[in-house]
Amino acid sequence: MIPNENVKTFPLKEVPHYKVHGRTDRSQELLPLFWNGSAIEVNVTGSELWIDIDVDFDVHEPWVCCAVNGAIMSRQMLMPGSYSLCLFRGMNPENVKNVQFIRELQAMSEDDACRILIRGLRADGDFLPIPERKFKLEFVGDSITSGEGTYGAKKEEDWIPMFMSASRNYAFLTAQALDAEARLISQGGWGVLCGWDNNPHHNIPTYYTQICGLAGGPVNEALGAQKDNPFSEWQPDAVIVNLGTNDCSAFSQPEWSDPESGETFRQHLNEDGSFHADDLARFEQAVVDFLYVIRRNNPSAYIVWTYGMLGYRLSLAIADAINTFRSKTGDIKTFFLQLPNTTEETVGSHAHPGSASHKRAAKVLTEYLQELLNA
Amino acid sequence: MIPNENVKTFPLKEVPHYKVHGRTDRSQELLPLFWNGSAIEVNVTGSELWIDIDVDFDVHEPWVCCAVNGAIMSRQMLMPGSYSLCLFRGMNPENVKNVQFIRELQAMSEDDACRILIRGLRADGDFLPIPERKFKLEFVGDSITSGEGTYGAKKEEDWIPMFMSASRNYAFLTAQALDAEARLISQGGWGVLCGWDNNPHHNIPTYYTQICGLAGGPVNEALGAQKDNPFSEWQPDAVIVNLGTNDCSAFSQPEWSDPESGETFRQHLNEDGSFHADDLARFEQAVVDFLYVIRRNNPSAYIVWTYGMLGYRLSLAIADAINTFRSKTGDIKTFFLQLPNTTEETVGSHAHPGSASHKRAAKVLTEYLQELLNA
Amino acid sequence: MIPNENVKTFPLKEVPHYKVHGRTDRSQELLPLFWNGSAIEVNVTGSELWIDIDVDFDVHEPWVCCAVNGAIMSRQMLMPGSYSLCLFRGMNPENVKNVQFIRELQAMSEDDACRILIRGLRADGDFLPIPERKFKLEFVGDSITSGEGTYGAKKEEDWIPMFMSASRNYAFLTAQALDAEARLISQGGWGVLCGWDNNPHHNIPTYYTQICGLAGGPVNEALGAQKDNPFSEWQPDAVIVNLGTNDCSAFSQPEWSDPESGETFRQHLNEDGSFHADDLARFEQAVVDFLYVIRRNNPSAYIVWTYGMLGYRLSLAIADAINTFRSKTGDIKTFFLQLPNTTEETVGSHAHPGSASHKRAAKVLTEYLQELLNA
Amino acid sequence: MIPNENVKTFPLKEVPHYKVHGRTDRSQELLPLFWNGSAIEVNVTGSELWIDIDVDFDVHEPWVCCAVNGAIMSRQMLMPGSYSLCLFRGMNPENVKNVQFIRELQAMSEDDACRILIRGLRADGDFLPIPERKFKLEFVGDSITSGEGTYGAKKEEDWIPMFMSASRNYAFLTAQALDAEARLISQGGWGVLCGWDNNPHHNIPTYYTQICGLAGGPVNEALGAQKDNPFSEWQPDAVIVNLGTNDCSAFSQPEWSDPESGETFRQHLNEDGSFHADDLARFEQAVVDFLYVIRRNNPSAYIVWTYGMLGYRLSLAIADAINTFRSKTGDIKTFFLQLPNTTEETVGSHAHPGSASHKRAAKVLTEYLQELLNA
C-alpha cells in the first residue's frame, strides 16, 4: 500500500465537527457505542478516512457497518484489540463525504466484556458541520428492534450477533425515510413486564432511565452505562415502543426460577388458551407504569406503542393499558399502532422478521409518523 | 349474429345448480342482488351463457361485473328494463366454466328504486354442482367496504356508482385469497353511531339484522329487504367489521338537524382537538352494543373489528369498546386489527382508498384471518 | 330512471370537437372502429354522455371499454343492433371529462360481419377541444399486439374475443406512459411471411397500406376497409413492429395447403432443429421487404422492430434482415429491440402473455422510446 | 475474547474438502483469488471458522464478502498484510455451514500489487464434501460485470473498489437463481476491440485465454496470472459475454495516443451521428474473432452475447457479427440477448447500473438460460 503522508490523527474530542448517535456518556475519554444504531457521523473532505477503535468481548463479538453518503458500504464483525479501520479510500478529496460508523449489535446484557469504544479519527481532509436532521426518534424494543433475523438464511437457528443489525431494521429504515436521527434501546428476549422465559428481571423499563443500564459489570459501569440518561439534552419528537412480544411468549412458557434466590415468576394461560386475568392485569400495569416513565422523561414527545410484527395477541391488552394511562393522565399524545405481522414470505433467520418484514413495517410506521409529526 | 339454436331458458328456480352470494330473500320470484358483492354463481358446460335480469333505478344506476373462472371479464353499468346479458360466448362446450355475475354497487339507501333482480339463465350446456368454499366471511362497513375509490382517476370528486366496486375491494380480495364466500353489508358515509355528517340515523347497527333494511320504499319492502335476516342459514367463520371512519369525521362536522322533526345530533371535539369525553363514550357504547348484536346472531364466529384505511384516530376508542365488551361477556373471540392507512401513493378516486390501498389492506387482513381460521 | 331532459343527440360529424384514434375511413357516414385500440375521444362537460353505435357480427362479438379521465371504467361485449350506451352519468356538470370509447377486439379477418360503427353522441354539456398528445405511435403486430391473453384465467384454452384487449396490452400501456396517441394494426396468428400454420396469406405486410385490408367482405369494403390508408394525414413518430412470433411457429408446423387451389407452403427445420437456410432467407426477405414498405409510408419515423415476448428464436434473423435493410438503404432510423419473454409467472390466458408480461414489456419499450424520441 | 482451544489451522491444501471458484492457478502454494466472484467454498461443522489470507495493493484495495448458507453476512475492504479473518463464530457445532469467502473487487489491471491469496483455514469442526451445482457459467464483461455501481450512493463520482462487487451483480444473481457455479472475467472500461477511451490494448479478447492475463507485473506473473487457462478442467454450460458498452463509448471519444510509442487509435462517428462504416466493421470483426476464441476453448457451451444495460446502440452491429460467425461456422449455439437498459430509477453509483438494474437484467437472463439449459 502506498502510504498517504497527509493523514492526520485526531483524538475524538479534537475532531472539529462530529455527531454522536445513540445514548452514551459523552464525558468518557473513549466514546462507547452501547446500542445498535449508535454511531459516529462526520462530514469530511479528503481522500480517506479511518476510525480508531477499542474493542473487546468474551463471547458475543460486536458487528459494525459503515455508510458513505447514506449507502451502507461495509459490514463486519470486530475482533478484540485497539486498532484502526479504514472507512473510505481514494475518493475525490474536494467532495464532502458524509460517513456514519454504526454499531450493528444490540447492547449485550449477556456479555459484560462486549464493547466498542471510539478513540478518534484519521483523515487527510477537513471536518465540516453536520446539519440537524428534521426529527428525533427514540425506539424502545426487543429482538425486533435489535434487528434479529434481518441478516442470515431462513434456516438459521443460532442466536448470534451476526444475524442482528441496525442497518436493515425498521427503526433505521423509518428514520432514514423521515430524515430523522434515531436512538435505539432494545434487548432480544426482553419485555415490559418480563422476558420470553418469564424472567421478571428481563424488562426494559427497569433500565430505561439509565444510559445503558442493562450492560453490566465493572467495565460498563466505568464506561458510564449505569449513569442516568441526560434526557434533557436530547428530546425526541416521538418515542416508538415496540414491546409486548416476549411478554406474550411468557404466557406459554414454564415458570422461571432463580437457582440462587429461589425466586419464581410465571404468567399463566387459562385452560381455554386465553390470558389469565390477574397476569394480564399485571402486564397491563407494567405498560401503564412504563408510559409514566417515558412521559416523565419526554414531556412533549408523541409516544407510539407499536406491536404485531411477531403476532398480535396482546393488542387489546396494550390498547387497554394505553387507554388507562390516557384516562388517568389526560395524555392525548400517546397512541397505539399495529405493525403488520411477519409471514412465511417475510420471515428472516432464526424465525425472526426478515428484511422484507422490516421494510413493510417501516413503511406503515413512516406513514404514521409523517402524519403525526407534520400535524 | 348467427343464432345458437341450442340455448334454453331457465327460470332461476329451475336452474339445477346455482349458488347465491349475499344476503337476500330467497323466497322471491325474481332474486334480488341487494349488496355489492352479491352474486349468482354457476358451474356450467356449453358454449354460451346468458343471464336474464330486471333492472331499475331513479338516480343511481347499478353496476355489475362478471368473472369467468375467477377472472373478471366485464364490468358495466345497467340501464333500466328487463333484458338478457351474455356472460360468455364461443367457448369449448365440453369444459366446465365457473361464472359469477356480481353486483358492484352497494345497496343504495338514497335511491329506493335501485335494484337488480335475477330472472333466470340461458345456456346450451348443463349446470353442475358448485363445491363449498373453505370459509364463510361477512364484512360490515362503510364506503371502504363499498369499494368507493377503487375505480376512477385520482382527480375524480363525484359521488357516483361508477367509482364503487366489489371487484377491487379488500373484502373481495381477502375472500379470494382465503377461498372464502363473502357477504358484504356496507353503506358509504355511515358509521356505528352516526354518519360522517352527524346524521344519527346513518348507522349500520340499526339495519344489521335485516336482510337489507337500509334499502327503503315499498318496492324494496316487497322484495324482502326489511325482513329479518335468516342468520341460522348462513353462519360465517368470521365477521369483519370496518366501521368508525365516518364516526370519526362526524366529530369535525357541524351539527346535523332534521329539517322536519327538528331533531339534532352532534359529536364534539374539545378545544385541544381531542374527542369530547361524553361523545366518545357514546361512540364506544355504540360499538359495544353492536358487538352484542353481532355476537347474538353469529354465536361461533370470530369477530374482527378492523380500522385505519382512512385514518387511525378512533383506534384506542374502538379497542376500549372491544375490551369493555370482552370483559363484560368473557367473549375471547372478538379482536381488533388496524389496516394500513391510505397515502398519496395509494389513494384512488374521490379521496378514497384506491386499488393499491385495498390490495395492501387485503394482504394484512388475509394473513390475520389465515392464522385465526387455521388455529 | 329519472329522465334527463337536457340531453341532446349529435350525429358524430356534428360533434363540435372529437378525436378519432386508429386507422379508419373518415368519409363514412357512420365511423368504423376497425382495429383494437381504435377509439373516439371527447372532452365534454355536462352530467352525462352516451354513445350511439351500430354493431354486428356473425361469430366473434366485439368488445369495447370506456376510459373516463384516463381510467378504464367499463369493459363489455357488444350485441348486434343499433343502440346507445351510457358512458357516464351523474357527474358534476361543470367539470370537463375526458372520455375514450375504445375497441378492445382486434380487426377480425375471420368474421366479415364483425363491426362497430359510431353513429353519434348524446350529451347535456359542451364538447371542448382535445389537446394534441406529445407523440404518435403506430404498433404493427400479431396476437400479442391484439392483447390476446391479457384477460382471462390461466387455464383458458379458447380463442375468443373476450381474452383480447387494447386496455391491458403493451402498446396501450406504452402510449399512456409516453403521452402518445397509438394506432394498432394486428392480427392473431399472422406473421411477416406467413401465419403460425404456414398459411402464406396470413401476413401483415400484404395489408399494411390499406386502412384495414384484412377485414374482408362487401360490408367492410363499403366501410372503406380496403381503401389505401392516407398515411400523409397521420405520420407517426415511431412505428413499432412486433412480428416474427408466428413465422417462428410455422417452422414447426406441417405444410399448409389450400383445399381449393392446391397451393401449399411450408417453412422447414433442419434435422438438428435449426432453421432451414432457404426458408430463413425467405423470412428475412419478408422482413426487409416490409421495412421498405413501412419506410416508404412513414419517411421520418423511427422504426423499432421488437421481438421476444413469446420466444427469442428468430432474433438473429430479424436483426440480420434489419442490417440488410440498413446497409442497402443507409437508413439509420431502424432499430431492433428484444422485449422480455413471457414466463410461467407472467403468462395469461390461452398460453399468451398476461397482463404482467405486457406491463414488463411496456416498461422496457417505454424506456427505449423515451430515449429515442427525446434525442 | 474467550479463546476457543479447539480451533485447528489447515493450510489450504490440507483442507479435506473445499471448492475453488474462479479461474486461478491451483499449483500455487497460496491460492490467488484473481477475479471478482472468485471464492473459496466449504461445508463445515463446528462453532467457528477463520480464513488466513495474504493481502497487498498499491492503490486499489481489494474488497471481499462472506456468505453463510447462501446469505451475505459481511463485506469489507482488506488492508495489506498476512492475517486471519473470522467468518463465523458461536454457531451450533453440529450443523453443517456452507461458507463462501468471495472477492468483490475485479482483477485490477491498474494495480499490479493488488492481490488476495488464501493461505488456509482454521476451524473446530470437520470439512465435508460440497455437492456439484447444477450448471457452470462463465461471464465475460466490463464494468457492468465488475459490478461497478452496485454499491454506493447515486451521487458518487469516484472510480474506486468500494463501489464494485460480485455480490450484487447480475452474474452472481443469475448463477444463484440457476444453482450454477459462476466464473467472472471482466475489467471496467474495457471492450472487445478497445476501451472506452479508444485504448486498443484495453480489450478482453487479448487476455481471455490466460488465467488472468490483465493482472500484470512480476508478482502476478509469479502467481500464475499469465499462464494459459486450463479450459479443459472446467467447461461451462454457457459463456455469457457482456461486452460492447465501452466500444460504443469510444466512438464519441477523442483519439487515444500512446505518449511513448506514438501509437494512436480512434473509432469515428459520421457527421450524422451514425457509426463510421470502417470502424464499425473493425468492431464487428473483433466480435467475430472473439467468438472464434471462445468457441475454440469451450467447444460445447452455449454462447450468449448480452448487451444493453448501459445503452443499446451497438445491438445491430453485435447481432451482425454473431450472424457472420454463425454463417461462417454453422455454429448454432451462439445467441444474442438484449438486457434491459438502466434508467434514472435503477441507476447506481458512478452512473453505472445499480442493484435494481442488475436484478432486472438477472431476471431476464435467468429466464433465458433456463430455457436454453433445460432444452
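Quick notes
Just so it is clear, A, B, C and D label the chains in written order, and each chain counts residues from 1 on its own.
Throughout what follows, a contact is a pair of C-beta atoms (placed from the backbone, for glycine too) under 8 Å apart; a residue touches a chain by one contact, two chains touch by 3 or more.
If you're wondering where the values come from, they're calculated on a predicted model, not measured in any experiment.
The fewest steps needed to get from chain B to chain D, moving only between touching chains, is 2. Chain A and chain D, compared by their mean Cα positions, are separated by 38 Å. Per-chain Cα centroids separate chain A from chain C by 57 Å.
Centroids of chain C and chain D (each the mean of its C-alpha atoms) stand 43 Å apart. Residue positions of chain A in touch with at least two other chains are not found. Looking at which chains touch one another, you get A-B, A-D, B-C, C-D. Within the complex formed with chain B, the chain C residues making contact are 1-2, 56-61, 63, 68-71, 73-77, 79-80, 86, 88-92, 95, 151-153, 155-158, 160-162, 349.
Residues of chain A touching chain B in their complex: 272, 274, 312, 315-316, 319-320, 322-323, 326, 332, 335-338, 340-341, 343, 363-364, 367-368, 371.
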